[in-house]
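Next come the structures, one after another.
Presented sequentially are two complexes of subunit A, the first with subunit B as partner and the second with subunit C.
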Partner chain A sequence: MRLRSFLPALLLPFALLLVGSDAHAQQPKAERGPFALTNARIQTITNGVIEDGTIVIEEDRITAVGENAPVPSGAQTFDLDGSTVYPGLIDAGTRLGLVEVGSLSETRDYSEVGEVTPHMQALTAINPSSVSIPVTRVNGVTSVIAEPSGGLMPGTAALIDLFGYTPAQMFREFEAVTLDFPDTGRRGPWDDRSQQQIEKEAEEAIQKLNDTWAQAALYAGIDSARAAGATDGQRPEYAPALEALAPVVRGDTPLIVKVDAASDITRAIEWAAEHDQTENVIFSGLAEGWRVADEIADAGIPCLVGPVLAVPARDADRYSKPYANAGLMREAGVELAIRSGEAENVRNLPYHAGFAATYGLGREQALRAVTIAPARILGVADEIGSIEEGKVANLFVADGDPFKTSTDVEHLFIKGRRVPLVNRQTELFEEYLDREPGLEGQPGEQSGGNAGGPTGSAEETTPETD
Partner chain B sequence: MLSRLPSCFRLPALLVLLALGGALLARPTQAQVQRPDETPNPDDVPRATGAYAIEDARVVVAPGDTLEGATVVVRDGLIEAVGRDVDAPYDAAAVEEATGVEEDDSLVVHAGFISGLSHAGIPQSGSSEEEPDVKRPGAPPPEVAGLQADRSARALLDPEENTLEDLRAAGFTAAHTVPRSGMLPGQGAVIQLAGDSPSGMVLRESASVFAQFEGAGRVYPATDMAVIATVRQLLREAARRQALGERYEEAPQDLPRPRYDDLHAALSPVLAGDKPMFFFTDGALGLHRATRLHEELGFPLAMAGLQQSFAATETLTEIQSEGDAETADVPLFLSLALPEEPDDAPDATPDTARADSVRPGAVSGAVADTTQPDSVGVGQDTTKAVSPQAPGSPFIRDYRTRSYEDTDGERENLLARRGLFAERYYANAATLEDAGLQFGFSTKEADAGDIHANLRKMIEYGLSEEDALAALTTDAARLLGLSRRLGTVEEGKIANLVVTDGALFEEDTAIRHVFVDGEPFEYSAEPAGGSEGEAPPAEGVNPAGTWEIEISAPGGTQTGTLTLEGAPGNLSGTIVTRGEEQTLEDVELSGSDLSFEFDGGQVGILSVTATIEGDTMEGLVTVPGYGGVALEGTRISGPE
Partner chain C sequence: MRFLTSLALLLLVLAPAERVAAQEDGPSQGIVDLYEAREERDDWLIQDATVLTVTNGTIEDGDVLVQDGNIAAVGEDVDAPGDVEVYDASGEYVMPGVVDAHVHIGISNVNEATNPVTAEVDVGDVLDPFDVALYRALAGGVTTSHVMHGSANPIGGQNETIKHRYGVTDPGELRFEGAPGTIKFALGENPTRVHGTGQDIQPSTRMGVEHVIRRALNRAERYAAQKEAFQNGERAAPPEYSERLEALADVLSGDLQVHCHSYRADEIVMLMDVLDDFGVDDVTFQHVNEGFKVAPELAEYGAGASVFADWWAYKFEVYYSTAFNAAILARNGVLTSINSDSGELDRHLYHEAAKTQKYGDLSKNQALKLITINPAKQLGIADRVGSIEEGKDADLAIFSKHPLNIYTVPQRTYVDGVKRFDHADDPSDVRLFVDPEAPVPATRAGHTAGHAGTEEHRCMHGAFRMGAFARKALQQ
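Moving on to the complex of A and B:
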């Protein structure tokens, strides 16, 4: 998306609403391999760049990578003519698949009523047919964390690949309970609570968090005792929330702690240490992470930083602080990945990374922050995050730097399937290109009237970048 | 571009766009989307287990029966096991021994206390109600007359009502609770002092018909005379209605159908002797009146309050030992409220002679006095009086001095008499104990926070600790007919427990845990408040003086003058901006952080937090509906 022309982006959602869905009829299907990508410039991430190489994809895996990798017979071969192959981008924090139209409560599945609902599993709510998923794929994003939000413990987040017809097919073997750490920062300019009120509410929330945690620890202890064969007593009643927290207490399931303000980050670090969770927590958000980057680095807690494309948390901060945040944290030695925190705009992930790259993180580190770094933090680095033999074939081919909006993604593979880059926006583009009959005779003939949105949009926007 | 902003900043931008083009309605309003549930629900911390174990504790099974080093296991609302050789089951949450407790003190487990009469869980009715316009004040509608015996305490119960929590904190776990106001406010229910729903709290519904000598003000019955007459009238009417009803049931033909009457129906169990009429009365006079009604009309009686029962021990002894076994027991519940000790009395602490004079049995002749309401004067006690010639005389103690010329002496004498009189109340429980009367305690008039101090006072004035505990637990349970379910720490009983960190009636003992129906409530040893939270002012930081301040308001920088006076801990001051002076509210200094609020006129109450360093301050002014703006200040004079 072009930065200076945001109007089309604004208008597109209405266009989506205005158009019926019969365009799906000729949807091309994803194809199975084997594939061979030849004459490729390969950005392996972990093993540098192969300037002219070949990648072979069989079943769901990358079976060969290298300058002289043999192409198996029968493989569908794409001559990339020097285009670059990147591993699929990973967004470490989104609501993708959990919401369709934000203003329609029927399509919002990311927030359950109640403060302590860790047993709400995002994976069960994922809509594999979400219109936003194909839109996201065109920019090279192949895996995302879909996370619930709202309340103290909104639920269990899941890592999904962006292709599949059921949530189970999409699941990428990582789940984490999310904790929205009680915040002492204002939530926005409209937040007119007094400072005392904010602190009091945060204090109560911390108390509730600690109470819940104590109960979860007790529940886990009882469960362990029973599993160890204790007979003197009864099995406690099933408490779904505590059942979901018990593996977190034991350190088997990670805890994603959403925290932004500097003072809250400090408290979250202390909290994690007090509850023996320092090894198990992953911080997420960290709008003010740069202020306490040393503390985070000392604690050794990995961070999912973002959104990068945001305004500063404090009026007094420079406009560029959110862009520079990841770079400053990296400089302090924090292990980090970048997240967009978006739902329908997860496709902007490369631009989040791009801004971070420009404002201090550097291109290479920024690329790692959306590929191998999140894979390592989430414990799936042996499967995704780089182009290596034996890894899952989540990758894409781009005709330039994926962090640039002018770059086109030419091919995209998820789990070895070549997924067509068709989406709602390309369909709309086709639909409104060369209209016959045009808009002659309409009231508001010039674009800008209430029916003119799509015209303006189509003229100024290319499908690949929007 | 818009979509890239973090969600929290979108709303204002959206509002602008909404104004520009209505089409944007398709976008969500983010504030609403982001946090659909802002109000925390206090009940949603899930419980891991319904089993609890209090290990290695001193267990007071019943008054006078103590187990050392025992374990109590509570499961799903009941006491599962008590004993020295009991092991905690694997699923039991250990009730932690309080930290900061003296090393050799283990936790002490008592049965939960029971209040014989209270309004716990019954909300105060709104005081703003206008007095109803009654056409015939001589025959008002029953609800105006205070005749609402058909109301049930259960129906009025609110599990969130404050007194429930206050009483729990004082160790009470069950109570006989009654509706408020009027001479017959309604039917009492015995309830557990915690629960999710009114019905879940009820141990016994409709346990009594509550009555008190309270007139209805400007309508009949306005006086005690009329109250007594109304009780008499209602019971007779109810008896007649019952007789008519029975006759109609037998042969309805040719008989007019008897009208159903709520009040009469509510009173019929009292007539039948199934349910007591439960009188609340403070004074000796009311006690005698209730007794007379009971003797005359033959209904089962229970009484609470009884603050002057020291003047009626004979009557009480009589009614508790009268007649057949059925009606013998008139349950008595002594108020836990005590008159305040006059702190400016010449001798406010009881010396031996003084205590002996009112403590029954200590000095011969003193007991007889206490049974006579008229003998409330000082009597033979010469150690108390200011003047040896005429102790306690309200008038002239020295015939050569006129009373109006001796006001100091009068005052002193009056205070001494007040002190002596208060002591009779303090010794009241001991008086009843010595008279061999069975009683429990009532919390109706008592402030929950004073209860333990008052108990200690009763013990100081002669009540034995064992009897005090019995009155709180076993006796109260027996008098309410609940001794099979409550009152002791025994297997199979309802898990109502009070866990303290020392001997119950010691002054420095605190209640650490209270269990109601097996549900734990935890209390900290130190009562909250005071030292908590506030950091002491940092060394050398004194914000007093006159400060020139600059506020970077959106419309341009504003200057003002801030004047602070007083010492840290007691700061006050004013602020002048735009030529207007405002007084500062809530000025507090914590460490080197200063905070205060002031009225910003049209923009509302502004709250300021600032950090002081030497003669400069830096901070934030919070503007309602806008956010924070920076504040800077420099001290131009002071502190002196």
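Moving on to the complex of A and C:
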């Protein structure tokens, strides 16, 4: 640990110059509407598929959807020629915007010092200029939960749209305090604690959680009494952590409980019931959710499931269990959305959903699990998650199934603005595919190209079926 | 070894309730027995599949005949002996077994991080046939892996090319017989962090990395010359024997091929310059995230590049990466593969390769080459594996749909004609060895996705623990 924290300090001045900005790149600006998307195949999610329709976007909203939606005069019109419009995908659990370079602590803003820091606001630290954000959104992901992690209560997560110049512009009106539920079992094959030690430490961790909760409940009680004029108006001593927890205790702010192992999930369900939080909690992670899916369904607790592309939790588990997990939970009746748990590669959310679809969830449910399902669980379904008149225009156009790697995104709209499909990775592609100069700095010399290299030419065609 | 086998069998017999619980959809047969039975059969006719040969196009409605573990015939309506077991693969796709050019599974140690040069150590000495990760990769169509030493040292240890013969309990049976020897080199942040920052010795910069490698190769050159002089009678005694210099001399002679962990364009060019000075031609750069910046130089040198599909930003030296790397390299004529470096990614390399359709518009066949014939060429085993051709080893992966399609499900994987993975028939719990010391089931819960969570546990596995040990030793 010591080694890792030292080198970044040396790099700091360098990193500050470069990280999170891209001085040489002239990013084209996002355009404002009104827009009309015509000859569109529209996957509304909530109202089926419109095979040939029109979508009108004015300001930040979808103002018309349908087969014969009238196009307002002056609208910039895109003839989609049969391409499909999807609502923007929502990743229900990421560190996007909270970290720029994983190994550099100066760029990691998701974990504050302290075990109980619910007053640490993800929204404060989200970097709107993170290079990872444009890299993510070109794959159709338009909203993510950015969540703190580490410790018992690492902070307050926020839902953001992936376009905007300040955190406030990106904020999508959902926040939740996060609880990393204490590990009450063996943490991995390397965990060589005795059974007694495991149980003792689990009890201590749960006790710490309960103590914290009792304080928060007391604080909330005093605070409520004061607000109701029942006290002489004296404010309780400043306790920011408890102040952040008070609305959770009252059920006004949701509690995202990060929990993975089966035994921990069971305990978290019990804990929620004991603390009158069953209606207020949202579970996240759920690596072993399939093992206790019935219990979760009985408790009626919604789940943000993932990463899907992960190794099984136990050596004894079937190789495909992480892929199948969401499908098995859904089958048991759990309300769920899918999360990638990623930072710089949240762009792979469609593939997490695709693998879940393939291994039991089915394509339709998987698509819902990254659109309307998270919107409903997070309480923002009146704004995002489907293509409906009056909703925020977070949507994208694709030439095929967005879960397939052969599909390209053709247009992207976030909050009604048409966002350019460029980022540093596409710029590097443009610059370096046919690098100029090529070898040895010879002006005009073309290098390599497609001249029969070992992998064959780009034009190579082989009869293939899919 | 026989003892371990018996122990594994015994433990399977005495398996605890946990095993029964995990068995809901599998037979309750001992896994070692199951595989011993399967090994009896290495003759098959895989019938009516779409055969993706990779090197000779696609055969719609084709057959692959396997005899004695080799591909005996490929084509439409292949004639087969009457008694051969037939697998009806109609509607399914068969491709060559996936070759992973970089992974750290199936070994019990990764980094010998006690010195910047450790050419004498060999991960082939610590093969672990009980690692379930070997099976999980099979379940994603992988049949061959290049199991590598870690990246803590500018010159690390020797690697081992293995076949995923999951089910064997003798470590030696995992080896890919006859595969050329390879050795790990590593540039950039990992070696400078472990040795420079961690132990205050060279290298702490990329300049130092170059020097450490040059110094080591120089010594090897002198060592080899002294040996030769002794053999020619020009010297009274041979040089003092050094296992390390023996290995490095093999690098100079080409008997050990260099596979170099690298990221930045400058360090990639540096190593090509160094190797050129020592007359070493055969090099494959691993990870090589900025390879796209020097693709013409890589192509001219004839160097290989083995890359991630899209991993980036987990450390500073991969911040200026692009998911278009593989496509830029391939389209510039560089022999390119996609590897996993991860016991998670290696389960879906077919999906990783598929991403080049999105990032750079590679054709399906080009994408498949990145995980089959190209890595096979990089490992010097293309005469045996990497394509479906008559005479090659019967290492085959069968998929329900085209392997690049997100909705595909791997169905069967054969290694040397032996069925080592069967989606329909394998039990859930395939452990060959059940740890009797584990009183409660261990879970890897709370895992993180992506490279941030894996590299420290794979490529750099053991680097810092050993580093601390070495520091202490130096102080004494």
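The rule we apply is simple: the second predicted complex is superposed on the first by the 396 of 466 C-alpha atoms of A that agree within 3 Å, B and C clash if a C-alpha of one lies under 4 Å from a C-alpha of the other, contacts with A are read in each partner's own complex, and residues count from 1 in each chain.
Basically, a residue touches a chain if its C-beta (ideal position, glycine included) is under 8 Å from a C-beta of that chain, and two chains touch if they have at least 3 such contacts.
The shown structure was predicted, so the numbers you read here are calculated from the model rather than taken from an experiment.
Contacts of A:Arg318 after superposition: subunit C is touched, whereas subunit B is not reached.
Comparing subunit B with subunit C, the partner in contact with more residues of subunit A is C. Looking at the shared chain after the overlay, A:Thr405 reaches subunit C, while subunit B stays out of its contact range. In the superposition on chain A, contact of A:Val71 is made with neither subunit B nor subunit C. In the superposition on chain A, A:Ser111 makes contact with subunit B only, while subunit C stays out of contact range. Of the two partner chains, subunit B is the only one that A:Glu204 touches; subunit C does not reach it.
With both structures placed on the common chain, the touch criterion links A:Ala30 to neither subunit B nor subunit C.
In the superposition on chain A, contact of A:Ala357 is made with subunit C only, not with subunit B. In the overlay built on the shared chain, the residue A:Pro236 is in contact with subunit B alone; subunit C does not reach it. By the document's definition of touching, neither partner reaches A:Leu328: not subunit B, not subunit C.
Subunit A uses residues 3, 6, 101-103, 186-189, 191, 195, 287, 307, 309-311, 315-316, 341-342, 344-345, 348, 450, 453 to touch subunit B in one structure and subunit C in the other.
Taken together, the subunit B residues at the contact with subunit A in this complex read 1-6, 8-9, 11-12, 17, 23-31, 33-37, 40-41, 44-51, 75, 87, 89-93, 595, 597, 605, 607, 609, 620, 622-628, 630.
Across the complex, subunit A meets subunit B through its residues 3, 6, 9-10, 13-14, 17, 101-103, 108, 111, 113-116, 149-152, 186-192, 194-196, 204-205, 208, 211-212, 215-216, 218-219, 222, 225-226, 230, 232-237, 239-242, 287, 307, 309-311, 315-316, 341-342, 344-345, 348, 450, 453. Of all the residues in subunit A, the ones that touch subunit C in their complex are 3-4, 6-7, 11, 15, 18-19, 100-104, 131-132, 180, 183, 185-189, 191, 195, 198, 258, 260-262, 264, 285, 287-288, 306-307, 309-320, 340-345, 347-348, 351, 354-355, 357-359, 363, 401, 403-408, 424-426, 428-429, 432-433, 435, 438-439, 447-456, 458, 460-466. On subunit C, the positions that touch subunit A within their shared complex are 18-19, 22, 25, 50, 57-58, 60, 132-133, 135-136, 139, 189, 192-194, 197-198, 292-293, 295-297, 299-300, 310-316, 319-324, 327-328, 330-336, 343-344, 347-348, 351, 354-355, 357-366, 369-370, 374, 377, 401-402, 404-409, 428-429, 431, 435, 438-452, 464, 467.
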